[in-house]
Amino acid sequence: MKQTIKAGIVGGTGYTGVELLRLLVQHPHVELSAITSRGEAGTPVADMFPSLRGRCPLRFETPDAAGLEKCDVVFFATPNGVAMQQAPALLDAGARVVDLSADFRISDIAEWEKWYGMKHASPEWVAKAVYGLPEANREEIRSARLLANPGCYPTAVQLGLLPLVETGCVDLEHLIADAKSGVSGAGRKAEVHTLFSEASDNFKAYGVPGHRHLPEILQGLTRTARAHGVQQRLGLTFVPHLTPMIRGMCATMYARIGDERDFQSLFESRYADEAFVDVMPPKAHPETRSVRAANLCRIAVHRPQNGDTLVILSVIDNLMKGAAGQAIQNMNIMYGFEEQTGLCQLPVLP
Amino acid sequence: MKQTIKAGIVGGTGYTGVELLRLLVQHPHVELSAITSRGEAGTPVADMFPSLRGRCPLRFETPDAAGLEKCDVVFFATPNGVAMQQAPALLDAGARVVDLSADFRISDIAEWEKWYGMKHASPEWVAKAVYGLPEANREEIRSARLLANPGCYPTAVQLGLLPLVETGCVDLEHLIADAKSGVSGAGRKAEVHTLFSEASDNFKAYGVPGHRHLPEILQGLTRTARAHGVQQRLGLTFVPHLTPMIRGMCATMYARIGDERDFQSLFESRYADEAFVDVMPPKAHPETRSVRAANLCRIAVHRPQNGDTLVILSVIDNLMKGAAGQAIQNMNIMYGFEEQTGLCQLPVLP
Amino acid sequence: MKQTIKAGIVGGTGYTGVELLRLLVQHPHVELSAITSRGEAGTPVADMFPSLRGRCPLRFETPDAAGLEKCDVVFFATPNGVAMQQAPALLDAGARVVDLSADFRISDIAEWEKWYGMKHASPEWVAKAVYGLPEANREEIRSARLLANPGCYPTAVQLGLLPLVETGCVDLEHLIADAKSGVSGAGRKAEVHTLFSEASDNFKAYGVPGHRHLPEILQGLTRTARAHGVQQRLGLTFVPHLTPMIRGMCATMYARIGDERDFQSLFESRYADEAFVDVMPPKAHPETRSVRAANLCRIAVHRPQNGDTLVILSVIDNLMKGAAGQAIQNMNIMYGFEEQTGLCQLPVLP
Amino acid sequence: MKQTIKAGIVGGTGYTGVELLRLLVQHPHVELSAITSRGEAGTPVADMFPSLRGRCPLRFETPDAAGLEKCDVVFFATPNGVAMQQAPALLDAGARVVDLSADFRISDIAEWEKWYGMKHASPEWVAKAVYGLPEANREEIRSARLLANPGCYPTAVQLGLLPLVETGCVDLEHLIADAKSGVSGAGRKAEVHTLFSEASDNFKAYGVPGHRHLPEILQGLTRTARAHGVQQRLGLTFVPHLTPMIRGMCATMYARIGDERDFQSLFESRYADEAFVDVMPPKAHPETRSVRAANLCRIAVHRPQNGDTLVILSVIDNLMKGAAGQAIQNMNIMYGFEEQTGLCQLPVLP
C-alpha cells in the first residue's frame, strides 16, 4: 500500500494549482510527473511561482505533450468547462481524476447547465462521479474513479450543518448561511473587482440573487438528510461576501431549533473521529487564521441567550480544506494512504 | 440661525475623537474651543494626529482647565462610564451634550447595568436623554439637551430594518442581523486582539453569546414598531464579526416575509427625503468603500429566488454615520443648521 | 476672476479619473461638463463609481459626442499615448489641457520614445508644454496652455530634493531615492500582479534596471539646478517598491553632504510659503496616512549619527499631490483662482 | 547522532514563541518539554494559539516549575533583558541556550548598554556567546553553548552584503540599507502604533536617528571583513520602515562599486552551498511572499544602467530566517542534525 503514485495537474497556473503543487511536492507517496498549461507551455513552474524555486523542477507543458494518460491520478485545477472535455479520455486511459472545478459536482444536468451557462459535455461521467466530502461519504470515495472535489463554500457550510441535517433537529426549510470568503477564492484571473485597490479595505456581499454554490450545497445536504432518513424539505438562503484577506472562509449559519438536544455534544460526537474537523469548546469563536494554510475546519456551536435559534460558526482555508487540501485528502482515501499523509502542516499564525 | 456655536470635546484621543476633529475643524458654524484629555494634557492635538498639522491649533487640556461649561455644545468621545459622571454638571451649566458613548442609550437602567457591568451614575439624565437616530426620531432631537448618539451596529441595523418594523410586514420575532465591522470600531486602545498582526488577514465572529448593542437595537426597533402601531413581539439574533479593514460596516439582515408588498418601493419611499440614506437599485450590492469617510448609509433590498426570506444589505462608515458623522448631523438638527452642513464630503474611493 | 469654468475629463474610468471627479464635483469654480470613455459610453458615472451616487449626474460619453472643445479646461486621465493624439485638436480649439499622463513630461523626444516605447505624435506640443510642479515653477504654470502634470514618484522625490539641488550642497551625482508606492499607483487595469491576492501581505522592488520616472526626475532636478546656477552633474539611483496599501507614497532619499549648513532650516525656509508642503520638526517620521486623501507633501530631514549622509523622508498621497490633487492645484494657478480652492480636505485618519 | 533532544522555551507568548512552537512540534529530533510564561502559567498553549489545537498538549508554566534545567536546549523568546538574567543558571546546569533576544548579540558591553538602555547582567557570558549567522560562522556555532540568534534586520542586511564585504569590492564606508519590515517584527505587545487601524494602509520610516540593529550589523560586517583580510573602515546608513503586512522583510542595499567584477557570479558562487540562501537570476525582483513561512533568504543583484552603484535586494520572513527558523537552523548545527531538518516547509503563496 505504501507505493508511490504518479500525479499530473491540468491547469496549474491558478491558486488551487499552486496550492496543489505545494502539497504534492511534499507528499511522500506522490511523484509529480506533469503539469499542463497551454498559455505557459515551456515556462518553468518555479519562474511563475518563485515560492517553488529549488523544489519543483517541472515546466508547464501542453496537454498533448504531457503524457497525462500515464499518470495514476490527474488533478484538474481548471476553469469550469475544461474537465468535462478532457477528463473522459484520461479516465478511459485508466487514470483516476480529481476535479477541483465544478464540472461533475451537480448530478442534475439541467440544473448544472442553468447555473453554469453552458451545455454539459459529459453527462455520463456526471453519473459516475463521486462527490468528495470525506466527512459525509468516505466509503464511496475509496473506489471513485472520477472525484468531484467540493467547492469552498459548500465545504464550510455542509460541515457546519451536517449534524443538524442528519438528525433533522432544526427547521431545515429555512436554513441561513451567511458566508465570507477571502479574495483568493475568486482565483488568479486578471479582473478589476479583485484588484488590491478595489478589494482592500472594503467589504461587500455579492451574488445575493443566486450563487452557483447554492445548488451544490442543497444537493449535498439533501442527500445527507435522505441517507439518514430525514424527509423534511430543505431550503437555504445563502449570501456570500468578499472580505479583504487572501485566504480564509467563515460561514455563519442560523437554524431554528426543532427538537431539543445538547447541540454541543451532537457536534462533538459527530466529528470525534474526524482528523480534519475540530469542534471547539462552548462559547468559542474560531478565527480563519487558526486554519491558515492547513487542511482543517474548525466549528463552534452557539445558542445565543438560550433562544430558539442556533448559530454555527465554521471556518476553513478556502484553498486547503476548501480546495487543494481536500483534494489530497480525497486522493489519500482513493489510494488507501493514511488519510492525513502530507496534510499535517500546522496552521501559519500569525 | 446662521450663528456660530462654541464646541468642546471630552476625550479626543480615540478614533471617534479625531474624526470629530476632522469634521468640526471644517464646519462653518462651529468654533472649536477646547478638547480634553487627562493623559495628554499639554500636547498639541496635531502632535498626536499629524493629519491635523496646520489645521487645528488646540492643545489637549485637563477637564478642569478647559472651560467646557462655557461651550454651547460638548461632545463626549469617551469610554463608557465617563459621560454619566461628567455630563450632568455641564448640562446644569447650560451646555448641550452629544454623548458618543453608550451611557445614555438604554432607558432601562437595570438592563444597561447588566450589559455594561457598572452602576449607572445618572439615571435621571437617562430619562431625559434623546436617542439620536435622525431618520427615526428627528423631531425629538431638535430640542434635545442631552443626545445619546447611537452605536455603529445599531445605526446600520436599524436603518436596514426600519421600513420592515414600521409596517410589521415580516416576522419581527425572528430577525437576524449578521454584521461585519472594520477594526476601528474597537477603538484606539492598545489591545492584543486588534493588533495588525492579529486582525489582518483574518476574519472571525465575536460576542455571539451576547453583545451590548443587542439591547440598544431591540429598544430602538421596539419603540419604532410601537410608534407605528405594530404590536408584534420583537426578537433578534445578532452576530457581529471583525473584518480586516480600518473603516466600514456591513449588516446583512434576514427576515421572513409576513405580508406581501413591493419591498423595493417600501424602502425607496421610506427614505426618499433622507439625505444620508441611499436606497440602491434592485440587485445592487453596496460596498463599504462606497461610503468611506462619508456620512452615508447605503441599503439594498433582495429577495433571493423570490422566496419567503428578505435579505437587506446596509453599509456605513462606522466612524461617520456610525459615530462622528451622525453626531454632527444631530448637532445640526439641535441647532437648526441645515442638516447637511459640514457633512458633504464625498466618499474616498479607492 | 471668481468666474466658473467648464471642465471636461478624457478617460475617467481609472483611479486618477475618479479622484479628479471627487475634487471637481466639489470645486466651487468648476462646472463639470463632460467625461469620456469609449468603453463605457452611456454608463452613468455613478454606476461605475457608487461613491458618486447623487453627486455626479454625468454619463460617460464618446469623445466625439462630448463636446470637449467647448470646455475651458480638459483633463486627460488616460493611459500614455492618448493625450498626444487628442490634445492638440482641443488646444487648437482654444481649450487648455492638463495632462495627467506622461505624454508631455519629457522634453527630449528621443528619450521619451526610448522609455515609453512608442513614437511621439506631437513633438511640437512637447516643446510648448509646461511641467506642472508648482513649488518649482509656479510662474510658468500661470500661462500654460498645455500642462504636463508630474508623475507621483517625481513629485515625492523632487519635493524632497529641491532644496538640496537648488543649493548644490550635496553630492548631486550620487543621489539615491528608495521609493515605496501604494498599489493604486499601478492604475485600475485588470492585471495579475496587482490582484489583492498577489499584492497583499507582500512587498517587493520592481523596475530596478530602469523605471520611466527616472528621466522625468533627472530632467526636473537638472532644470532646477541650472536655474539656480548649480552646475554639478546629476545622477540618481532610483528604486521603486510596491507596498500593500491602496494610497500613499514614501520616498526615502540619501545624499552625501558637500557643504555644511543647517539642513532643517534650509528646508523650512524653502517651503515656508508653500501651502501644500509641510516640513516636519526634527526627528519626525512622516506617515503616508497623515496625507491620505489630501493634497499634501510632508517632509522630514534627518542626519543619522551626525554623519556625512542626509536622509530625507517625503510622503504624499499618490492620487492627490501625486496626480489629481496636483492637477487641480495647477488648474487653480492657470485660472488665477486661490491656489487652495477645492483642496482643503483634511487627511482621512484612520 | 539521530538522538532526540529535550527542548524548552522561555517566554512563548509572542510571535517568535509561537513560530518556534510551530517548528519544534514538527521537528523529528525534538521533544518539546516545557514552555514558560509567568503571566499565562496554567493556560494550555492551544488556548492562546488555537492554531496549535490538537498538536501541542503543553501548558504554560512558571519558570520555577518548568524544569528547564533538565532540557538539552532552551530557547529564550523573551523581551530584551530577560535572558541575561536567567540563561546563566541554565547554562551552568548543563543546558545549551539559543537566545532569540538581543542580550548576547553585541560584544562591546558599553555599546550594548547604550543602545538597550540597561546595565548588562552577564558580561562574562557575552564573551562566550556565539553569534548565530550560519552562513557567516557555521563552524563556531557547532560548539556553541550560548547562541545569540541574530535580529531580523541584521540577517537580511548581512546576507545581502556578505559577498561585498568579504571581497572589499565596494565602498564599505558608505553602505546604505533601506529596510522594510512587516508588523509582526514589532512583537505581540499591546501598543497603539501597531494596532491594525494605525499600521494598516500606512507606510512610514522609523528609528532614522538610530536603531538598535545598526551596531549589530556593523559588528557582524566588520568581523566578516577582518576575517577575510579586508581592512576598510565600515560605515552604514540604516533606515527601517514599517510596511502593512504581517510577515516579511525586504532590505534594499546600495553600494558604490570599488573594484569591478561579475557581481552576479560573486553572489552565486558565495552562496552555492547554502541551503537557505537563494541567489535569483539577473534582473529578478524577489518578493517577500516567496519566502513566507519558510526559512529562506532570496537575493537579487542589480546594477542599474550599468552605473557605479550596486543595488542588492534581500528578502526574508522576519519570523523564520529572521528569528525562529534561524534558531532551529542553529540548533540543528549545534546538535549535528542535518541542517535542513524540520525546515523544509514550502513558502505559503498566495
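Order of writing sets the chain letters: A, B, C and D. Residues in each chain are counted from 1.
Convention: a contact is a pair of C-beta atoms (placed from the backbone, for glycine too) under 8 Å apart; a residue touches a chain by one contact, two chains touch by 3 or more.
Predicted, not measured: the structure shown is a model, and the values here were computed from it.
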Inset, instruction - Please state whether A-D or B-D has more C-beta contact pairs across its interface. - result: A-D
Legend entry - Furthest chain, CA centroid comparison against subunit A: C
Inset, instruction - List the centre-to-centre spacing of subunit A and subunit D in whole Å, with centres computed as mean CA coordinates. - result: 37
Inset, instruction - Mind checking the centre-to-centre distance between subunit A and subunit B? Centres are C-alpha means, answer in whole Å. - result: 39
Inset, instruction - Report the inter-chain centroid distance for subunit B and subunit D in whole angstrom, where each centroid is the mean of the CA atoms. - result: 45
Inset, instruction - Find every residue in subunit D that makes contact with two or more other chains and list them. - result: 15, 182, 184, 188, 197-198, 200-201, 244-247, 286-287, 289, 292, 350
Inset, instruction - Could you pull out which subunit D residues touch subunit B in their complex? - result: 15, 182-184, 188-192, 194-201, 244-246
Legend entry - Complex interface listing, subunit A residues touching subunit B: 174, 176, 178, 180, 182, 197-198, 200-206, 208-210, 235, 237-239, 241, 243-248, 250, 252, 254, 256, 283, 285-289, 292, 300, 302, 304-305, 307-309, 311, 313, 315, 350
Legend entry - Residues of subunit D touching subunit A in the complex: 15, 18, 22, 25-26, 49-55, 184, 188, 200-201, 246-247, 278, 280, 286-287, 289-294, 298, 319, 344-350
